[in-house]
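Chain nomenclature is as follows: A, B and C, assigned in order of appearance, with residue numbering initiated at 1 for each chain independently.
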Amino acid sequence: MAKRIDISGLSAFYGNHKAIEDISMTVEPRSVTAFIGPSGCGKSTFLRTLNRMHEVTPGGRVEGKVLLDDENLYASNVDPVTVRRTVGMVFQRPNPFPTMSIFDNVAAGLRLNGSYRKSELNDVVEKSLRGANLWNEVKDRLNKPGSGLSGGQQQRLCIARAIAVEPQVLLMDEPCSALDPISTLAIEDLIGELKERFTIVIVTHNMQQAARVSDRTAFFNLAAVGKPGRLIEIDETERIFSNPSVQATEDYISGRFG
Amino acid sequence: MSHATAVQDRPTPPTGPAPRSGLSSRSLPRLAPVGFAVVSVALAIGISLAAGWHSKVQWGMIAALLFLAISYVATTVVENKRQAKDRLATSIVWVCFLIAIVPLASLLWTTVSRGAERLDGYFLTHSMAGVLGSEASGGVYHALIGTLEQVGIATVISAPLGLLTAVYLVEYGKGSLAKAVTFFVDVMTGIPSIVAGLFILSIMLIFEIQPSGLMGALALTILMVPVVVRSTEEMLKLVPNELREASLALGIPKWRTILKVVLPTAIGGITTGVMLAIARIAGETAPIILLVFGSQLINANPFEGAQSSLPFYIYEQYKIGEAASYDRAWAAALVLIAFVMILNLVARGIARWKAPKTGR
Amino acid sequence: MASTTPIDTPPAPPAPPDRKERPKSTGRAGDKVFVGLSRGSGILLLVLMASIAVFLSYRAAIAISKDEGNFLTTFDWNPAGDPPVFGIAVLLFGTVVSSIIAMVIAVPIAVGIALFISHYAPRKLAAPIAYVVDLLAAVPSIVYGIWGALVLVPYLEGLNLWLDQFFGWTYIFEKTEVGVARSLFTVGVLLAIMILPIVTSVSREVFLQVPKMNEEAALALGATRWEVIRLSVLPFGRSGIISASMLGLGRALGETMAVATVLSPSFIISLHVLNPGGGTFAQNIAAKFGEADEFGRDALIASGLVLFVLTLLVNGAARLIIARRKEYSGANA
């Protein structure tokens, strides 16, 4: 179910602008890896290179390798569509399909593949909604539009939609930044449960959140505005927050800049 | 860096459902669609020749259908059904584009090539006075004058009227009156030109007014005002509210704020909108048929007597049905299209040139 | 004349109660005049709209009261006869049929081109293509008309024969009369070409407004480009496509010159759309106007009134759909 990601020598560009430079790291399976760093350091861009969403942006381009259990995502015979099915993603703002019901939102990914039976679909939708801790709240209104839910519920709906297709990896791009504290707590609890089954990578601006949910933390920074972002260090979360090996990390964590 | 995390202690056997096939898959080469296109065009020509069909329209349709079929089947075989559907959608979209290109390109090409045969200085500076329909002579001068005058009068009336209405809608109006005006302006945009012509005609019948350029211009006004209102409204809405507030906070009365701050900021866009509206009405024929009546002679007075106009001239020459008159119709069509296109290009140029300054 | 009218009317004395919450005008003369002018212009437009309806109805009533045939069902147009007999049945039929043909052809293709520009074309091509499409919307209808009559009609003859040969069994495509392709079908094709640009550019606008996050949601699920369009773009753009089509329909219904040049008119109703003959409101007005006396003109005005109402309904519906969509998308923004 969960795969390891090995990134080596990865740079990403917007047109001629280099957004991130020469990043190498390993993301361990069945764990939560958090990306932290100041705004504009390229952590979201980096996250989007992990399921080839970066190239959707006009001018977006990637150099380097991303190995998902030894298979390079950027090999020439790899279809980005397959990659995105294998590596799911949850976005900053909840984005359920506005015209679809709750049920259809969760089932959307499965239906793309065509072959399903009605009962099978029901099971998967229920399982995914339970997995996203949303089932009890929505089980009586599965046919209502997903846009009628609260922000936090919508975000959990999006997580249910992402895990319904059984991805290997789940990428989360600041999933709580648009939510209130109570919804944030619900999502953080959920992340703790999901890491039993998935490899999770989460970008966050909130250092307490990184400390709470992640097993390992990667700190990104950029030398100056306009310069590409770089990976400064990656280590166990406890260590990063108590005794980082690089001074810049400590400065950032203790709030001296950024 | 330490890698000894708790997670790593666990064995990582491939749990979960049936292992997924790898990420890589067979796929068609990138240039495959070009190959399919060549094959289907060749096949279509072959089939059509064999069946003795001569219409090029048919050839194109057969080629398009073959192209869709070939690429769908090939993708299904080599890749999979989802990719095939995707490819089919892509092909259909491309075919739509090509289908649309053909007639529109033909229209422009025919007009330019046929029009250029007859278009010269003589054509632009002479009227049809004393010229027989079958004679390869005469010109479009009287129609040019008619068009310029009618469109000019329509613009002189429509521009202020449209501008003021837009100012009302954006700067003052909020109640039911504004809602009604907005709705009916939208509806007015859809009035067929011939209905606008009939409206003026009914007035002429009631008050026994004779046809003249002015009557045509009034019908054109009905067509032009809603376009001006719409575009001006859009432009005024783009003016940031901070500008208005800054001016009002200085104690400048609202009407001066609008005149001195709001309108100058939006003037580029407003000009563009008015020019596009002119381009639109310059090609209207139907009201001219009903209200201006047409004439072979130069009549520079738009307030009295029949006039011609470019679009009317084209229709008139077409209806004569002689080779020479067709030539004149195409030449006049070229003049009209050139007029409209230049207006469009200049208008869009102004819009682009002015755009950054309005702070969009 | 029209522009000076507002000055003559006294500027509406009491400030409207629902004015914006900006500082109240201090009662300066300049403000009063300006408000009066701009309000007056708005009111003038409403008056204009109302008077179009009133004047057309008035003249139409004169004509219809003397019509010895049934205005709605008569298959003839002879207001000069004794007794005068005329009816709009053929015109209504021809107008609706040719517009339907135009819609059936143009809407799918226009949506295709709009998608091409918004989602498929290489980025460097998309902007110029969109620009050209907008320019084509400005080509005058009379130019489409002579192109249709002199270029398109001969080209479509082969297609007509072919349709008759293979689809004649559908009745609609059965060609029972020989003759050039100056038929309702050809008119429909020409109208389709004419409304392509407007339908395309309105649809394109809507497709470009689809929130990026909706498309990314589909992409991140592993959707192909077509699936992204099906899941995110088309549901979002559906009402936009409908209103774009209705705007196109409004144009097709009222188009005069292109029909007048292409169709060879006759007062028959036939579903054999490949046969020459039939007529539309606008075409009939343009064709019959020259020979009409005053009463004949009133009769034409009566038919124009029907066309006016028809286009009002279609355009009004389109606007309502657009307005509803704005509320809907606003709620989700």
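As a convention for this text, contacts are C-beta pairs under 8 Å (C-beta built on N, C-alpha and C of every residue); 3 or more make two chains touch, one makes a residue touch a chain.
In UniProt terms, the chains line up like this: A = Phosphate ABC transporter ATP-binding protein; B = Phosphate transport system permease protein PstA; C = Phosphate transport system permease protein.
Owing to the predicted nature of the structure, the values given are computational and were not obtained by experimental measurement.
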Contact-richer chain pair (by C-beta pairs counted) among B-C and A-C: B-C
Most distant chain from subunit B by Cα centroid: A
Between subunit B and subunit A, distance of the C-alpha-averaged centres to the nearest whole Å: 45
Computed distance of Cα centres, subunit C from subunit B, in Å: 13
Cα-centroid distance, subunit A relative to subunit C, in whole angstrom: 48
Sequence positions of subunit C contacting 2 or more other chains: 224, 227
In subunit B, residues with contacts to at least two other chains: 82-83
Multi-partner residues of subunit A (each touching 2 or more other chains): 81-83, 86, 112
Residues of subunit A defined as touching subunit C within the complex: 51, 53, 56, 58, 81-86, 88-89, 91, 93, 95-100, 108-109, 112, 147, 158, 161-162, 165
Parts of subunit C lying in touch with subunit B, wherever the complex brings them together: 1-3, 6, 16-20, 22-23, 25-26, 28, 30-31, 33-35, 37-46, 48-49, 51-52, 55-56, 58-59, 108-113, 115-116, 120-121, 129, 131, 134-136, 138-147, 149-152, 155-159, 162, 193, 196, 200, 224-227, 229, 247, 250-251, 253-257, 260-261, 281-282, 285-286, 289, 294, 297-298, 300-301, 304-305, 307-308, 311-312, 314-316, 318-319
Complex interface listing, subunit B residues touching subunit C: 53-58, 82-83, 85-86, 88-90, 92-97, 99-100, 103-104, 106-107, 110-111, 156-157, 160-162, 164-165, 167-169, 171-175, 177-178, 180-181, 183-196, 198-199, 201-203, 205-206, 221-222, 225-226, 229, 244-245, 248, 253-256, 258-259, 276, 279-280, 282-286, 289-290, 311, 314-315, 318, 326, 329-330, 333, 336-337, 340-341, 344-345, 348
Residues of subunit A that touch subunit B when the two form their complex: 1-2, 4, 26, 28-31, 68, 71, 73, 75, 77-79, 81-83, 86, 112-114, 166, 168, 197, 215-216, 233-236, 239, 245
Residue numbers on subunit C that touch subunit A, as the complex places them: 123, 211, 213-214, 216-224, 227, 231-232, 235-236, 331-332
